[in-house]
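Both complexes below contain chain A, partnered by chain B and then by chain C.
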Partner chain A sequence: MKGDKEIRHRPHWFEQFLEGWSVFWQNPLGKIGVTLLGIFALMAFSSFIPPLVNPMYHPMTGVDPEIYSSVGPSARHWLGTDFMGRDIFSQLLAGARIAFMVGVSAAFMSIFLGTAFGMIAGYMGGFVDTLLMRLADVIMVLPTLLVVLILASLFGQLNIWTIVLIIALFRWPGVSRVIRSQALTLKQRPFIEAARVAGASHIRIIFRHIMPNVLPLAFLYMTFRVTAAIIIEAALAFLGFGDPGTVSWGMMLQWVWKTGHMFKALYWLLPPGICISLITLSFYMIGRAMDEVLDPRLRREETAR
Partner chain B sequence: MEIKRYLTRRIIQILVSFFVILTVLFLLFRLAPGDPVSRMIDPSMSPEDAEHLIAQLGLREPIWRQYLVYVKNFFTGDFGYSFHYGRPVLKVIWEKLPNTLLLFTSSIILSALVGIFLGKIAAWNKGKPLDSWMTIGALVTHTVFLPWLALILIWVFAYKLGWFPITGIISEEIWLDPDAGALAKALDVGHHMVLPMATLFCIHFGSYLLIMRSSMLETLKEDYILTARAKGLRESVIRDRHAAPNAALPVVTSVGLSLAFSINGGALTETVFTWPGIGRELVFAVSQNDYPLAQASFLLIALVVLAANLVVDILYAYLDPRIRY
Partner chain C sequence: MGYGSSRSFSGCGFLRFALIILVVFLALPAMSNGAPLLKVGVLEEPKSLNIWLASDAWSSRVLSEIYQPLFTREPSKLALVPWLAEKDPVYDPANLSYTIYLREAKWSDGTPFTSSDVAFTARLVKEFRVPRFLSNWSFVKEIATPDPRTVIFYLEEPMATFLTRTLTTPIVQEKQWKPIVEYARKKEKSLAALLNQKVDYPVGTGPFRLKEWRQGAYIFLETNPNFFGTGKRIAGRDLGPFIGGIVFKNYGTSDAAILDLKKGSIDIFWWGLQAGYVDDLQKDKNIRIITNEKSGLYYMGFNLRKAPFNDKALRKSVATLIDKDFIVDRILQGFGVKMDTVVPPANRLWCCTEVEKYCEGLNKEQRIKKAFGILSEAGYKWDEPPVDGSGKVVKGKGIRLPDGTPMAAFTILTPPADYDPQRAMVGTMVQEWLREIGMPASAKPMAFGSLTEQVKGRRDFDAFVLGYGKLSLDPDYVRNFFVSANDKPQGWNMSGYNNKEFDRVAEQSVKEMDLEKRRELVMQMQRMVVDDLPYIPLYNPMLLEAVRTDRFTGWVSMVEGVGNTWSFCELKPR
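And now, the complex of A and B:
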């Protein structure tokens, strides 16, 4: 990674960012990923418009007064209506908002936990390290979706923020392992030694000197965590254990499947599934392109061909 | 004999992990709102039966005794009665275990083999259109939303084309027919298994392909490949005998690491196809508030994942003679 020199010369970060961005943008995966993500962001931002146009376009409560069942696409309802006569297009926009909300907040929390635990384990070593890493091992073998299910069976209906929290709590170990190994090598560097001799506390060393060096890696993992969180929430909603107060893409699929419209309403079955798959794909592509920015070895390999 | 020590250590670690899971589940069960008795005892049971079961599960004893009874019951396979089936939970899930193992292991092994094979081809043709198409294909099939893929496969192959049954594991007319032989029955199960297996296969082979591809590219830079070339060996021999077996090792590791993810997918697949396995049983139990069944299914799945991790470790140690822990 970066040496201590780069950290001292802070003004360079902007140039570094520009350089990284140009590498990122040269990669077709990065370009497609960011473009797709931009479209989804646009969907999420415009999700509040349809209910303003007409209350019947409200994704959850809006019902077309003339339609009481699922009807195909028309000028009035661009993607048709669901079994109650609600507009599928506005549900799709609302779903984008939920996906971003769930994905980004769960990923942010799990990255925060993973980075903190990884740095502490790697820097402190010894008993703390063993304890945290064994805990990570146990959590890592647990299928998160089924954990959320068993918690739902114990605590009843979970709301969307509880689901986000559980996903975050069960998704930090992968990140923490990577950050830990990074912290282990950083610990041996002269600048950490220097800081310690100068009398810096453990907390100061961890947050001031180790953290800036592991953050780029943590952000890389964040893109992968976003997809994991979105998929788990969608799968949970699909199985019928989502937050009943939200319209997510998983929820839309659950409705089309459970109400038996699957074979008659392709206009309803296709959009939510395509959206979940594409948003996952876009984050995945961005992650792979970022990999290249952070790991110059991969970059040379790519440009050589 | 280093390997024996390594495996002993792994087995102990896995047992400890399982005990942690067992204990946390017990604590959560106590922490959850509501009365533990009503959670474990079917309301439709007769009072005598209920009293008997309460005594057996130790639900009225102090909490540390309850924990001991809970652990003991686990090891004697005593999970209480399923509310829905009105039968011992162990019997219910024991019947479902083979179905899950059949679907799950066959699709994981198939997707790993195909992923390794295609990844090898992609790396060998690096930079050519074939490689790009394979990489894109792998990315897309790997990120598609699994339940939706299952629904689409059902729509196309079961509903429109009518090639395969929509759901289930057997057709009654064949299994109730006294004249039907074992082969006809096996073929019937296989016929039902095609679509669920295709779903799991699509989701998994892509990631194995991508891992194999990058691992193969690394391996091709090794000195022994250069040596093999210098000896004048045929290219196909270098690819299949010298490079591919070594490059496949990371795929084995990733099968182990992604098992938790695969189990999620397995449960979703079983649910969509109403395949009578443990994953579907867990989903069903949660929706029916059948806590004893949900708990036992969850513990059994955790045990299967841990055991599978051990199998992967053994396989890895066996495949790579350089690795002696």
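And now, the complex of A and C:
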């Protein structure tokens, strides 16, 4: 009895979160995804440690004073060294940090834009809707990677934050379409009617009443956008258009390729490649599991009960 | 049913695709006139077969086997030897004239090569002011052709570069170019009209002529039956060619070309290898790695036209902070040499060894302390100096110029890693070294075209890392790169170096015909440049090339590598 009371005292959102979490955790995809992501987060956090241990472990400038070329794994360099004697393991850790930074910030920005435009278009309708959606159509058909490549060759290599911004600017339309359709159905619901009759302004209706209802969907899309952003950054870096001042996984792949170690230094080629695959996989799995939480129709019989 | 049929259709499509690929490969020519063809792997196709426009490496590679100069350099001592000319030029100091006797030669279309072709080429360069060649010809006052095999050049003033630069210009055929010149002359922008003229079949005097260019796949040069050198002995070398022709196969990436080299589909990959490939290729007994010195200069340049790089002390401190040993040992993997002056050390006659070596023998801490000393003396201040009160080196922050303003962030432009991974990496490392003392530097790799446009065209930049891979052996470039008259859009003086004393010595050097005296002047010029540091010379990379030895023998090594006309004329099938 006492327990029941306590549960009732929990706030509503927390209650909802717990319920969602239990559905999420029962899904094997969600479990694997979160575990993988946890490992990468740990890598990103620990990337600050190696340079403190010894300056030769600095991912960009630290070189082993005795090693002048790429050598395989050893006790001193767990994954070996790159062509000029830098430690691959500390580069891999630094790469995790960059991947999170690029992925999460680009996805957050694109979700922010997509949600805002989607809600406004769906709620306002008419001319605003047409204008925003045609704009979304135009941007949606532009191939992001190609546009970034052209920009990079025109203006020289782009800074990592510029790359993040460009990815965000190109990736909002997909989200805005989904959010718009959600906003369209919400608009017809009685509670919005009621708010309007009560004299609420458009801004208040959009942000107080529509936004809380589309946010979960937006977060779902965010997980998919993270994977896209990480892959685009890696592709850019691999092709030689990344930010040369950052040690990202794509950059590591580019170094192994351009210095002619592609076919002989697997200890250097495989780790960044596998990391890129796994981190995008983990975000994808989390997205799939979240999909199930948000859309009960996808749940299997027993979880739906 | 529908599913099945669509499957068989896609299968059919795949077969067709495979067939097309097969046909393209089988169509690659293998023999010509009974002699096997040399297959050369290249990364790109020529941009143009118009010799006046073609300045990129890939066009020059093809055109150098077609168009020939009057004099060329022989491979062992790099001395100038008569090529289309029959013997050494005769100099008449009284008239300032050079008389050149031509060899009996024919163009690849069978028509005779005469003195009027030479005069035509010279006049074309002068009339249209062809940018690549003009500086070598502007001082030629008049050209006379008393008979079809004699040309006399009258110069305006004595010019040391006449032999080495002017007479090594490729000669074009009057018959082919006359109509083009007449057409271009009528146009408002005549130079553009000349340069944009498409040349499908260049007619030359070289050992090979164009047979077929299948865009995107290969270029086939067949042996020129009219080549003047066939069966002759020039510079002590018996010339062929003994091969049926050359097929340039286009790969796009080094990896694909190297895989094909290992398989035996090409005989040479005509491009410098990255050191990482060497170990693996050396395991193959049919592949030989050939190392040659380059006549190159890879350097960091500054924009002297604006702050903060108009300050000599700052440039000196940057030169002190750069670790050239790191660059050569690690980034170049030992395949290169440090440079202390702007003339490569391999050019022993002209390289000045007595110049200040800014970073020689210093470790990181000593370099930072020395640079800190240079800058503090010049009045630079820091919010947090890189050397603290106890003499310990820490990370410097908030550097201020002598006038008290904080140093603005600046960029070091480099070619992209895709074009030259070494220079891109040098830029990144220099960025890190400069940041340690608190300079807000950031390296910015940039597509090569935009980079040269920004540095040479708009001249809007802070600093850059560039290189010359093929400097001529004559040191006239020291004058060209730094003389103030060349500080103009598209000019050679990219730094905007302006030193009256240097200009005076430079002008004197080019007119000095006495070798010893000219040498002293060139040394003096180098000392001035290294003291003022418009460029910081960094390194001269070594050229690593891989050739197969199972089909042909007789590769000729030269300063620019084994891919040269001498090789192609002397290679013999096994």
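Just so we're on the same page, the second predicted complex is superposed on the first by the 289 of 305 C-alpha atoms of A that agree within 3 Å, B and C clash if a C-alpha of one lies under 4 Å from a C-alpha of the other, contacts with A are read in each partner's own complex, and residues count from 1 in each chain.
In this text, a contact is a pair of C-beta atoms (placed from the backbone, for glycine too) under 8 Å apart; a residue touches a chain by one contact, two chains touch by 3 or more.
The structure displayed is predicted, hence computed values, not measured ones.
When both complexes are overlaid on chain A, the residue A:262 reaches chain B and chain C alike. When the shared chain is aligned, no partner comes close enough to touch A:162: not chain B, not chain C. By the document's definition of touching, of the two partners only chain B reaches A:284; chain C does not. Considering which of chain B and chain C touches more of chain A, the answer is B. Once the two complexes are overlaid on the shared chain, A:244 sits against chain C while remaining clear of chain B.
Applying the stated contact rule after C-alpha superposition, one finds that A:181 touches neither chain B nor chain C. By the document's definition of touching, of the two partners only chain C reaches A:70; chain B does not. In the overlay built on the shared chain, the residue A:154 is in contact with chain B and with chain C. Of the two partner chains placed by the overlay, neither chain B nor chain C lies in contact with A:26.
Comparing the two complexes, residues 152-156, 239-241, 257, 262-263 of chain A contact chain B in one case and chain C in the other. Within the complex formed with chain A, the residues of chain B that make contact are 13, 16-17, 20-21, 25, 28-29, 32-33, 126-127, 139-140, 142-149, 151-152, 154-155, 159, 217, 257, 259-261, 263-264, 267-268, 271-272, 279, 282-283, 285-287, 289, 291, 294-295, 298, 301-302, 305-306, 309. Within the complex formed with chain A, the chain C residues making contact are 254-255, 258, 273-280, 326, 329-331, 333-334, 413, 416-418, 421, 424-425, 427-429, 431-432, 442-447, 450-451. Looking at the complex, you find that chain A touches chain B at residues 134, 137-138, 140-146, 149-156, 227, 231-232, 234-235, 238-241, 253, 257, 262-263, 266, 269, 272-273, 276-277, 280-281, 284-285, 301, 305. Put simply, chain A touches chain C in their complex at residues 60-61, 63, 68-70, 83-85, 152-157, 239-241, 244-245, 254-255, 257-265.
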